[in-house]
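Right after this note come the structures.
Next come two complexes built around chain A: one with chain B, the other with chain C.
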Partner chain A sequence: MSGTLPNAALDVRNVMWLLAAMVFVAAPHATRLPEWVGVFFALVVAWRGWIAWSASRNPPRWLVVALTVAAVAATLFAYRRVTGRDAGTTLLVLMAAMKLLEMKTSREVVLAIHLGFVLVMTNFLFSQSIPIAIYMFVCVWLFVATLVGYHRGVGRSPTIRERLMPAGMLLLHAVPLMLVFFILFPRVQGPLWALPQDARAGLTGLSDTMTPGSVSQLIQSEATAFRVQFDGDIPPFSRLYWRGPVLWAFDGRTWKVPELSAAGSMEYSRAERPVRYTVSVEPHGKHWLFSLDVPGTLPRGAGIRHDLQMRSIRPVDTRIRYEMTSYLDYRYGEKLPSTFRALGLSFDERRNPRTVALGRQWARESAGPAQILNRALQLFNAQFTYTLEPPLLTSDDPYDEFLFEVKRGFCEHYAGSFALLMRAAGIPARVVTGYQGGELNPLNRELLVRQADAHAWVEVWLEERGWIRVDPTSVVSPDRIDSGINSALGPIGVIPSLIAADRLRVLANLRFAWDALNSQYNQWVLGYNVDRQRQFLANLGLEISDWKKLALWLTGAVLAVGGLVGLALVLRDLPSRRDPAVVAWDRFCAKLAGTGIVRAPHEGPLDFLARVEAVRPAVAGEAREITGLYVEARYGAGISKREGRDLLARVRRFRGRGPFR
Partner chain B sequence: MLIDARARLAPNPVEDVVSRASRVILGKERQIRLAMACILARGHLLIEDVPGVGKTTLSQALARLLGLDYQRIQFTSDLLPADVIGVSIFDRESSTFRFHPGPIFSQIVLADEINRASPKAQSALLEAMEEHQVTADGQTRPLPEPFFVIATQNPLHQVGTFPLPESQLDRFLMRLRLGYPDAKAERELLKGEDRRDLISHLEPAMNSAQLIEAQRAATATQVSDALLDYVQALVAHTRVSPKYAQGLSPRAGLALLRAAQAWAMMQGRRQVLPEDVQAVLPVVVGHRLHGTGESQKGGFDASADLLTSVAIP
Partner chain C sequence: MFANLRQSIADWIFRAKVPETPPVTLAQRRIFVLPTKQGYFFALVVLVLLLASVNYALSIGFVLTFLLASMGAVALLHTWRNLAHLKLRPGRCDPVFAGDTASFRVVLESPSRERYAVGIRRRGEIPAFVDVHATEPTVASLAVPTQRRGRLRCGRLEVFTRYPVGFFHAWSYFDFGLSVIVYPRPDPTAGLPPQQSTSGGDEGIPVPGDEDFALLRGYRPGDPPRQIAWKALARGDDLLTKEFQSTASAELWLDWIDARAPDPEGRLAILAHWVIETERLGQSYGLRLPGVSIAPGRGEPHRNRCLEALALHGEGTAP
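Right after this comes the complex of A and B.
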């Protein structure tokens, strides 16, 4: 802009392309980073656009430096650091904007484009969903198209088509290499580089505590909790209790996972009809894994506690997938150690006095635990209603308030108060949280369990029976258990109400198809880990045991595929079959060029011959013969094979300086 | 074997025309040859130059030497289309309108100073050139065969001219520029006879049957794929290079090929070579190709530039 020399790189249209691509790639960050970052970025881009448009000078160096310092300072002020996902991305976005302002030479333009590619990567730190992946592909395409424009040189600016088509072709050529890298690049167990801590913020899922109202918040979320693929028949919905955290500790309001960590045994006295299935859990940042009661096997890298809660050794930060076997008909925990018995009966005497009194009253009046259970269930059945929006329980005795005044509630109210009643009546009880049911995708027969399916139920311990599951919610709202949360509550939110209006089930089928696609994507793209890789390569017949071998294979495959693509490109650009006359003629011209008579690219054969005759009469005769044959072969009716051989032989014998030198 | 065929083919009426015309228009053999090639390629010829360099003389000489009947139309600003095409006049004896054909009804029409006439009169001629027929009073009348227009025009910046629009320029196969004679030719011209007398004494060197035969021979010259590659490369270059305001049309590409064929035949060759294309390229492309605003500065010659920037495949 500042010089007088025409600079292709800083041609207005090229700059506009770069700016547009930058805006495009940074746009998804607008919702993730603080507002001021977006405003700063937009202002700088607009400024740079104006500079290009009006052909004015870039801002002076001191101003750029000052702005850069200010940007770093603002980042530090906002995050108290410049590392970590959010702060790092903020800094990168700001610096990319500053680079645009600084851009003067072609080299800096190319640098800015490469910064754009880095910005593409930062987007994947936030989301790796299919739409983002497609969007980022478009971004890469735009940047490559920008690069194509810069390499076109001075003159008429290439049209949109002339930019996008070659860029698209370049990317297509890169696809085989991309696949090779994806398939063969050594995966590391667990995340290759630890994602910054803040990347895990905002994961939804069950927590290790339960207070009245905590589960119903989850019900608002349509997010996927996990997906299940069954081997064989799918058990009835009413039996799909996905076991999560087991809560024993109770302080009068909150149920908690206890500090105990005794390992559990998985010996069940009556274990028949195993159900086999594969679970793909979305990251939730906690340790627990989900299974149907009761688990018969353990996934790799997981343990089980005495209360049958499966825990992964590493927090579930990435999507993981494990195979499970469960026994739905079981008997377990018939012998209850005294410490667990004490824990299963403990409660704070001073809290919820009316509930405690009721439990004790039942214990006095009833003949046995079965009768106590029945009285409690009858109570819920007769007087209580199921609602997603229960009034807030504000008193210090929330379960008293719920049982005797409000009488409307959600699963955690029923489970919590039920367990407390049992404990008061002398029956060991605990609250189990997890998910109940799920939605079956008819397209891939996969069960999708959403956060909305979160549930809480109770386990009580009976002499000679062991722990048995009691779901007090099922007596209040049987629909909740038999056919899922949506039928119990009616549609929640915009999308489900659209689905309710969708008579032809078009939307529902679309949603199922989308979910099936997502599931495949999660499984094969995002979930392509060490095990998957080994399994996939084994299917291809490659037994690759360690990453060093894998790296060798990768190098070999990259060279092979790159070579093949390169060769294909070279072959495409060669004339399909070179005319032997042209080969001979080129050789003839090369021989003469070696002696100083160079044929100009646009010089015709006769003109060239005339020049040769004039400059070097010694070779005139032979040159005439060769030219004559060449002209006849190339522009005339063609020459016979014998004449062709003659032409080649003559060219071979031909000496540019004449026969006697 | 190919190169000296010209000598072997002589005497030949085409060469005869060229050599005799060269005796009238001195020192302009190349232009005469190009004009002849234009006629052999059945194209119309536009001769553009300042007054007094022999435009009219050349066209008159060619017309006489080709043995065709010719008429001359001097274009002026008050020329009417009827002056070109002809007019129907009421005949009292037969009580009918009789069509009096205009000067266009001849084998060679010399349209002198075509850009001095109004666009209306120009278009009457140019339509006849394209369609080889004339429509007057609702009746379509074919023009004789062969039919050529040799038009002359003054350079556009001269006073009192109506420049031909580009679409009409495209109808001329070639645009020739004669240029001043060199010193030797000029001296001879000054010493020699009056040019008009010379022309009036010219005898035809060929007849129309021979001309049609020569035209047929021109279209029969061999055009190889390699040559078509070259022509296409030339045309394609004008369309992608930023130096030209507008690429060459398919019609221009065809004109280039036809002219090159005629030129090759006149060189005594059976096949067209890249040199033939290059020889006719400046006169075929010159009036069709223009540089962009930027590249036009500093005496940019679009056709010369095109010629050197495309390699022969």
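Right after this comes the complex of A and C.
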């Protein structure tokens, strides 16, 4: 093997390149993995760098083995296992460091570079965002450049340009084939084997419970929940209630999704103002899907519950995209089965006694449910304020504490206490969580719904009317519903981020452009799954029925595109194309030959000209010009492009005919 | 294992006539490309990346996997391109003494681009690497240690490259019939050659030489410049050549019979030493071997002729 590399010995610069590429690829992990991993990696790389720099010996074998064992032990100690996303990545980073430390030959360097490619992949387990993707492909470039460095450089170390250029060309030439693979490689649904538990760690989103304070944590997050593209007009902001988990079960503090999971139907006694739109949901690890009230269609692979909560059959582990139709004007559920009625009225008598008493008092004093609703809304309107930083409710009766003492709160406080008041007053009620509003990107008319738009509201059941939506937050802070969370929070806002800086239009526009780019990226790159692939290929006119057919197409396309790339490389490489002057001259000679003056093989251009002048003086002038240019081009200082064109034009015009002398 | 496989495939495919007439241009069909061990390993890594992408549904992971896979495929073209259309000619292969290192030289020319890390090797030996410039011919010099005197044949050479990433080995074979004359190693203990027993006595027969001026004759192409009668030329005469003559008595015959050693190789070593020493002393000398006789003479070409005769003794005549 050693005989096949121009530089078998480890060159300092080659080692430094490898170390630099490794540091680049591991750097993003520094914030994701425990600190000791980063420290260990940095120390080992520095040590290896010093070894290369000072040309000293690698550490003894026993030390390398000891360090490796220690690294595995530390990983086991930290995670209790060596598989899974975090533990696996930690182990890989540590092993890469050890590989760097012990490598002595060029062959081991190549091994380390391959490890680098795997490390690039581990980064994508944590983030697939555009910046990370760009950064990682720069890392790939660095690794390939390092690889080139080992195969180049006869007797000396190649320069930066000599490494980066060939590596860049190689990757650039690979792009067409890569695209073919990306578009046509059959995608499969779901994992091949069970994902480690932490594969989706760190996903934010609604949970299936709600306690006072749980939603306001979400409000701090700028992360995208989902994106919506409407067909046609966008409904008014105040109608954009994105329905999520519906919470019925209540224990005095926490609202929960009920155990009862009867399937529902989408039969409405009234369903008007249809809205068509496409939602692409970011992975949140749970089952629910979002739709505007009320859903009229079901996405593929989803079902609907009795309380109109759409649930995907698989957990939403990847970004999924579905088309929806919803009806903004609706009426449903006029007949309430007794089990649901009981569920919608149940609460713990012993908790929140003052709230319960108030609800019961209203029931006694009021003529009907409408009046009870109004009293509750008036109460909130008169005395309550909306804040993202409500005081913590610590007592066992949190809603009593909120309603009678604190009087400041966030949507979940209002929704929770309102629903409890209704139940106490004998009106079936449930809490609906989801998102409200969103941000419209004027560039691509896409609605971006962030975690910060999380919201909770209430649905009450009225005789003859069925379930209707009541949003107690809207009476406290109408702005929240009409124009979004930002305006509700005032100019300063609570969110220390770009969102708060919206007043500057430039920033806003930049952000919109960025969001639009992200949306395209999500849709076409990250969201390119089985369905999207089928749809995209159908748009291209390829009806792909199964993966076998797809594989056939893939093979054909790879051969075709690979052949084209190969041909382009080969053609460019053919021994230099013929000099245009020679082409012109040959044509000139052919024309004369056609008229009877044949140039002998040994005859030089000037001798030939002399003969032409002697034999056919009529064309002598033109022949002299052509020969002059040709001689200058071939044997003189060369001719300019313009003269070359002139030569060709003259030859084209040239008519060899004329009287023989 | 792969190397062996490659070798046998190539042996089977490549059955060209040898020696080939230079220059040899590496046309498409005489270049072979096969993956290296590293290439197979890379394919394995790409497969692992693919499985990870599928399992974790990492779309950008697919991009990475496919980019690397495509890069592997393109690397094949780049490696092949690094050899294609390369022009090879035989270079000078100077004689050496046995035990010294002989150099087989091959001149490489690239008609279009620069080529990098092109290796030339004999089967199973350490290669010589060169970068071939686009403008000027580049000489690759393959050092081969010599042991015995005689004609050292280079045999078939492999020109190969793994540039740029080492995933593929592109190679071709060529055979110019290069050879190096390996002179016998001189035996320094041999001393000076015995002075001739002058067989002819004083009445030596005049033989052409450069001792005494004999006559002027007309110039014949090939006459050495220092024998041209410049003065005569200056006088306006035609180009004349001065002819000298030596007498047989002044000439020295280095004879196989005089070199006393137990084996023929020893005799050749002694004779080689004598040739060098006599040449150094500026004396005119001839060489007599069984079946070969070189008339006395002097100068570098004569010396080399004698040494070559010693080198090739028993191997047939020099070409």
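In this section, the second predicted complex is superposed on the first by the 546 of 661 C-alpha atoms of A that agree within 3 Å, B and C clash if a C-alpha of one lies under 4 Å from a C-alpha of the other, contacts with A are read in each partner's own complex, and residues count from 1 in each chain.
To be clear about the criterion, contacts are C-beta pairs under 8 Å (C-beta built on N, C-alpha and C of every residue); 3 or more make two chains touch, one makes a residue touch a chain.
As the structure is a prediction and not an experimental result, all values here were calculated from the model.
Colleague: Tell me the contact category for A:R624 with respect to chain B and chain C: first, second, both or neither.
Modeller: First partner only.
Colleague: Check whether A:H602 is in contact with chain B, with chain C, with both or with neither, and answer first, second, both or neither.
Modeller: Touch status of A:H602: first partner only.
Colleague: In the three-chain superposition, say which chain, chain B or chain C, touches more residues of chain A.
Modeller: Answer, by number of touched residues of chain A: C.
Colleague: Tell me which partner A:M178 touches in the superposition: chain B (first), chain C (second), both or neither.
Modeller: Once the two structures are laid over each other on A, A:M178 reaches chain C alone.
Colleague: Touching A:R634, do we find chain B (first), chain C (second), both, or neither?
Modeller: Touch partner of A:R634: chain B, not chain C.
Colleague: Touching A:A551, do we find chain B (first), chain C (second), both, or neither?
Modeller: neither
Colleague: First (chain B), second (chain C), both or neither: which does A:Y150 touch?
Modeller: The second partner, chain C, only.
Colleague: Quick check on the superposed pair: does A:L569 touch chain B, chain C, both, or neither? Answer first, second, both or neither.
Modeller: In the superposition, A:L569 touches chain C alone.
Colleague: A:V140 in the overlay: touching chain B, chain C, both, or neither? Say first, second, both or neither.
Modeller: second
Colleague: Based on the superposed arrangement, let me know which partner A:V120 touches: chain B (first), chain C (second), both, or neither?
Modeller: After superposing on A, A:V120 lies in contact with chain C but is clear of chain B.
Colleague: For chain A, which residues belong to both interfaces, chain B and chain C?
Modeller: Common to the two interfaces on chain A: residues 155.
Colleague: Touching residues of chain A toward chain C in the complex: what are they?
Modeller: Checking each residue of chain A against chain C gives 1, 3-6, 107, 110-111, 114, 117-118, 120-121, 124-125, 128, 133, 136-137, 140, 144, 147-148, 150-155, 166-167, 169-171, 173-178, 181-182, 185, 188, 190-193, 195, 199, 317-318, 525-529, 562, 565-566, 569-570, 573-576.
Colleague: Please name which positions on chain B make contact with chain A in the complex.
Modeller: The contact residues of chain B facing chain A are 1-3, 222, 224, 226-227, 241-243, 270-275, 278, 307-312.
Colleague: Would you mind writing out the residues of chain A in touch with chain B in their complex?
Modeller: So the residues of chain A touching chain B come out as 155-156, 579, 600-607, 609, 624, 628, 631-632, 634-637.
Colleague: Would you tell me which residues of chain C are touching chain A in their complex?
Modeller: Those residues of chain C that touch chain A are 28, 36-38, 41-42, 45, 48-49, 51-64, 66-71, 73-75, 77-78, 81, 84-85, 111-113, 116-117, 119, 121, 125-127, 129-131, 160, 162-166, 169.
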